[in-house]
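The following pair of complexes shares a single chain, subunit A, combined with subunit B in the former and subunit C in the latter.
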Partner chain A sequence: MGATVTRARTTRGEPAAPGGAPEMVQLLTPDGKRIDSARDPYGTEYTVDFTDQEYHKLYHDMVVIRRLDAEAEALQRQGELGIWASLRGQEAAQVGSGHALRPQDMAFPTYREHGVLYCRGIDPIMPLGLFRGVDQGGWDPSKFKFHMYTIVIGAQTLHATGYAMGVAKDGKVGGDDGEAVIAYFGDGATSQGDVNEAFVWSSVYHAPIVFFCQNNQYAISEPIERQTRVPLHQRANGFGFPGIRVDGNDVLASYAVTKAALDQARRGQGPTMIEAYTYRMGAHTTSDDPTRYRLAGEVEQWQAKDPILRLRTFLAEQQIAGDDFFQQTDAEAKAASQELRERVLALPDPQPVQLFDHVYPTGSAELDQQRAQFSAYLESFEGGAH
Partner chain B sequence: MAAENLTLGKALNSGLRKAMEDDPKVIMMGEDIGKLGGVFRITDGLQKDFGEDRVIDTPLAESGIVGTAVGLAIRGYRPVCEIQFDGFVYPAFDQIVSQLAKMHYRSQGQVRLPVVIRIPFGGGIGAVEHHSESPETYFVHTAGLKVVTCASPVDAYWMIQQAIASDDPIVFLEPKRRYWEKGEVDTAAPAAQVFPLHASRVARPGTDCTVLAYGPMVKVALDAATAAEEDGRALEVIDLRTLSPLDLTPVYESVRRTGRCVVVHEAPATLGMGAEVAARVTEECFYSLESPVLRVAGFDTPYPASRLEEEYLPDLDRVLDAVDRSFGW
Partner chain C sequence: MAVHEFPLPDLGEGLTEGEILKWLVAEGEVIEQNQPIVEVETAKAAVEIPAKWPGKVVKIFASEGSTVEVGSPIVSIDTEPAEPADEPTGGKIGETTASGRTAVLVGYGPRTTAAKRRPRRTDGPAPVAEPAPAMAVVAAGPALAKPPVRKLARDLGVDLHAVTGTGPAGSITREDVQVIVATPAPTTAGVATVGPDREQRIPVKGVRKLTAENMTASAFTAPHVTEFLTVDVTRAMRALDRLRAHPEWREVRVSPLLLAAKAVLLALRRHPMVNSTWDGAAGEIVVKDYVNLGIAAATERGLIVPNIKDAGRLSLRELADAVTALVQTARTGKTTPAEMTGGTFTITNVGVFGVDTGTPILPPGEAAILAFGSIREQPWVHKGKVRPRPVTTLGLSFDHRIIDGELGSRYLADVGAFLSDPEAALLAWG
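Coming up: the complex of A and B.
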């Protein structure tokens, strides 16, 4: 997308105005008012300069992924998916950062990055196999520049760091066409050893990476206070790279801050941590019951900061979009969700012997034997032997 | 006699509660074990009644959970750690295998670490990857750790208390897919009547073939025994209960009578509990065996996507098939 980001700072290091700077970078207020530009504590100035079409695209993608998300949740309720991890409330963080990626950039998601996936132009059916239980991801990360979902908390941040080290070794950093890597993770993940090791490695090796932490205030039932006493973005300084808090419910700021950080990385300026301050509006997953640990009032407060509503208000007030556009978008979202539903229902179940596939790239004679024995065993049932 | 009909999960909950009442040094640590009561609700209500000091929602880091439990134990506490799912114990591997397990040995017996690590284990609940694993062999293979698993509510209630009271570091494996199964628990049974922790037990007597199982597979073995009865075969089912140390005396006694032995577990066959048991049974009962000890186990693959787990998991048919093979040898 062709927006401009002004990055005023010349050196990286200590925040220029740690005390006085606004708490987080915001370009669109909860009530839909545009802020011309915003500064982070390091002195970098952010703004965006989108065309109407670009604004439409951001809005469209947020609406579509919310609708797809709701459909997936419904499919789980109807027994068609084993589980679903909803992104509701986090659309701006994901669509903003997702669109900031360039085609050559590589993303390492958790299990909740359906929105980023969508913005990468990837077919939204792709992760549904994992949630339906027909596969465990099963896509080629390098083809999509989007790694498989990682469920073990924090592990992917090290993979992203290693990948970024490889990018640097390949000489693919330095110019505007350089490659950058983005690692997604949650607030809870910041407690894991792996994540802290990823910070150390990327700092020491000056890896072209952006650590994009969606602080949705909860790790399942545990509020952020169980993980940290300082705002998460402040952790980055101790590791030797900047940490910036962005309003994660503001798609414009999420875009601008991520784009700037990715560009820093691709130009050889090393890592940045972004803390996207947001809220998990739904349950942790469909297995969770948030009424056990949080109050409805809190959810209502965040409802007022809804990422989609504020962009809609802005677009309408500025006459960047009218009712036609909004209706059209809703219709497209509905159609997309119906299509997703049909395709989920049509996902083929795996065949029993597929259990044995792909354990090793070079195969295993032992496993071949187990497969043959199991096939023979299954065949023994034909004709109702047992 | 205060017999209650409890689910296995509720029996664990009651056992944990009793352990906390009995000893103020007992503390619980884990992810989401407070207000939420754990993702399986095994610690439900404990934080409310014993406070945040004793039922601790930890930061999201398994190495931290076990590592700090080691320190708390050095300081005189009796930590009970909850690992949310089997597949998430691996970040704590160093702390369990190199630290917790070896401290007593290294200190020449001067440091005792009465830490219990509770792990819901095994498959069969239709979960995504990393939520259905059977990691027992790693821990059984590690000297200094004891490993036990319960298969019934009554065992759940007593074994968790015995594990907490023990001075050994214990990995306590909970058969997650059996959490909702009910059984009678006499919570007022006199201590002398309670079955010891490190002992296996005949779960169903029989004369024709010995079937060994533990944790979630005990029910499968018992169901197979019921089915085999119709074929005129009386299977003797033994619940191993303790995986480290093993208690095979009742097994040897059984196999000497039946002449046949089948071992059932979800974990992959290679280097699993079945391999160890087969070696020992062969050595002890060689002249009584009518056929080799057979294993019914998970395949040597990663635990598959949930739509394949029925194929992966040993079931009644596979147990009966092994029994058939034993008889047809």
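Coming up: the complex of A and C.
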């Protein structure tokens, strides 16, 4: 007999397993207690051994990205951005997995991966340009190894699978310096055909990919129990690769599990699915009103599992960081958000002729002609191109 | 002073307007950047808007409850307000300072800004800076209702604060709003402003607005034909007298309208096509096997048309009770929305106003309507001689898409036949 899949119902904000927390890899409890090591159902053992500076970095990045995210949301409310998808509540899943990536690894994000983007070293203003509508995103995906934000739900899992198959065909897997690919998506995306196709292809072709699903409990307003009758990570079993649930509000476990899965992929051991069990504290996007479909009590319950607070408690109790550090981090986050605001407001509106700039990498005679005609047309107005 | 006006942004991908739910700051208040200043509800979400600039709130342009177009300024903020030293410090106890606050023993007492809350706007899409006169409805926080309900309320001119919610957590439902429309509300009805030019401008809303919309829609979609028939109702009046004298009918209110209703119902049984609806979208005529008989009623709030469900199945006695109850309910303003929807044929009893007849407009979705004129003694040729006889004129409007002149005429003739000799008609077709 092979592994049996238990038919368990997941319930919003409550553990799937009766009596306790959902079975998931956890290294830092909600009240900030460190667990030395944890095993997944396949027997793999996880632990982390960070220096103080590394702990500081994780905390710093989570605090800064939460502050930047809040600033972006405020800017949208003030009419400066068209829309914003907040990551609040999901900082640990993103910062933990983001730091587990090696420079050569390629990431395929959704439109909410501001934390991963930040970890990849991309200027945090970039997604704001996109959502302000003044550019198409602006970062160089191949330079930062971070693909463009994908709005179409789940589509990037296929792009990632194709990319990962290419990595394998280039012979860049096998050994510790191999390349791995990570595809981010949400719980709602698991109901999409694209995601299931990506599972099939990557499994059959043994692609070096990690499917990182942030289960934030809601596909916009649709709760997880309307998406699945089994815990999401168990889906992977049916496609023929391991699925592991990690506490997505635990930055240490998120880091450890992602790192192990990426290493498996880069060594040629094929795909892994990670279900980071977390919660979207804010709205789906600024166009959404979560008070219409979920209860305040549920949000409070998750507030108690806050990813930043538990790390802060741990760092303080273990005297890894003191008040100076926390205050300095808050000040840095505030300064970064002020800077972000000023820079966003100063973003120039795009010139109409920029339409032609990125169509072909090497230009085209016909397009050059069109650009010239369009420029002449714009110049025919009084006061030039504007 | 560096005053910036903050326009209502598009809060959710292509919205054109938002409703101000609640101001979280008051004029004169000093605020920080990103401090929540106002709750706004759009078709998508109710959200808090954080202040774009730190500074002092100079003026709030959009009152709570008003709907503001995206791009219209809702508040102005002075980002370089004068130092607080401006505030007069030397006011004597009991004196009122320039800012309207009274010096008390400690500090400057309670601010009175709350009392400056502007009245709710009731018409026009533009934000109002001026208070609309005579509309001093003070809101106590936002009313709980979903956006479609808010829209319905706005369309019907219903102030949500005047509605008691029966939905979850006391939220206001669609039905709650409709009940209010059906209920006389003297506080808001007939609010009108008389200008210096001796013209009165009455906001079109509520029942008036609904009626106007229905009548316009009906008049310009259904080709109306109206036919008239004058009948001698002497026998009908005698029949009524006998009914009134009957021991079992002693407590029952009996009026000519009852016989008109019976006439209409019996004639519908003989001409079912008259009891139908033109379904243009489906390309079908829907012939109904039931009659929900509408009786147009003039109420304080305006014209309403409640109907008697499945009136064709009622005995004359049951019909009499139903008519009495319907009129009673309408007069006391307790008609429910359900009682006003689903009508299939309507009688408008214009006779009670002393007029002979009319050319009524069809209620939307109905194929015919009968105007029942007054019954008056008139010279009438009876058995070869001119006699004073009680006579009435029936006016039947019908939808010519469904009903041809022949059918309409036969139907009207049957109604007339009943009223000129109810007993014979009952025996013949009863």
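To be clear about the criterion, the second predicted complex is superposed on the first by the 331 of 386 C-alpha atoms of A that agree within 3 Å, B and C clash if a C-alpha of one lies under 4 Å from a C-alpha of the other, contacts with A are read in each partner's own complex, and residues count from 1 in each chain.
Criterion: a residue touches a chain if its C-beta (ideal position, glycine included) is under 8 Å from a C-beta of that chain, and two chains touch if they have at least 3 such contacts.
The model shown is predicted, which means the values in this text are computed figures rather than measured ones.
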Between subunit B and subunit C, which one contacts more residues of subunit A in the superposed model? B
Contact-wise, after the overlay, does A:T51 reach subunit B, subunit C, both or neither (first, second, both, neither)? neither
Looking at A:A74, would you say it contacts subunit B, subunit C, both, or neither? Reply first, second, both or neither. second
Report for A:L367: first if it touches subunit B alone, second if subunit C alone, otherwise both or neither. first
Which of subunit B and subunit C A:R132 touches, first, second, both or neither: first
Is A:S287 contacted by the first partner subunit B, the second partner subunit C, both or neither? both
Given the touch rule stated above, what does A:G82 touch, subunit B (first), subunit C (second), both, or neither? both
Touching A:G188, do we find subunit B (first), subunit C (second), both, or neither? first
Just subunit B (first), just subunit C (second), both, or neither: which does A:S142 touch? neither
On subunit A, what residues does subunit B touch that subunit C touches as well? 82-83, 287-288, 292
What residues on subunit A touch subunit C, complex-wise? 71, 74, 76-80, 82-83, 283, 286-289, 291-292
Enumerate the contact residues on subunit B facing subunit A in the complex. 31-32, 34-37, 39, 57-61, 63-64, 87-88, 90-91, 126-130, 270, 299-302, 304-308, 311-312, 317-318, 320-321
Within the complex, subunit B is touched by subunit A residues 82-83, 129-136, 151-153, 188-189, 191-194, 219-222, 226-227, 287-288, 292-293, 349-350, 352, 354-356, 359, 364, 366-367, 370, 374, 377, 380-381, 386
Which of the residues in subunit C end up touching subunit A in this complex? 6-13, 34, 44-50, 52, 146
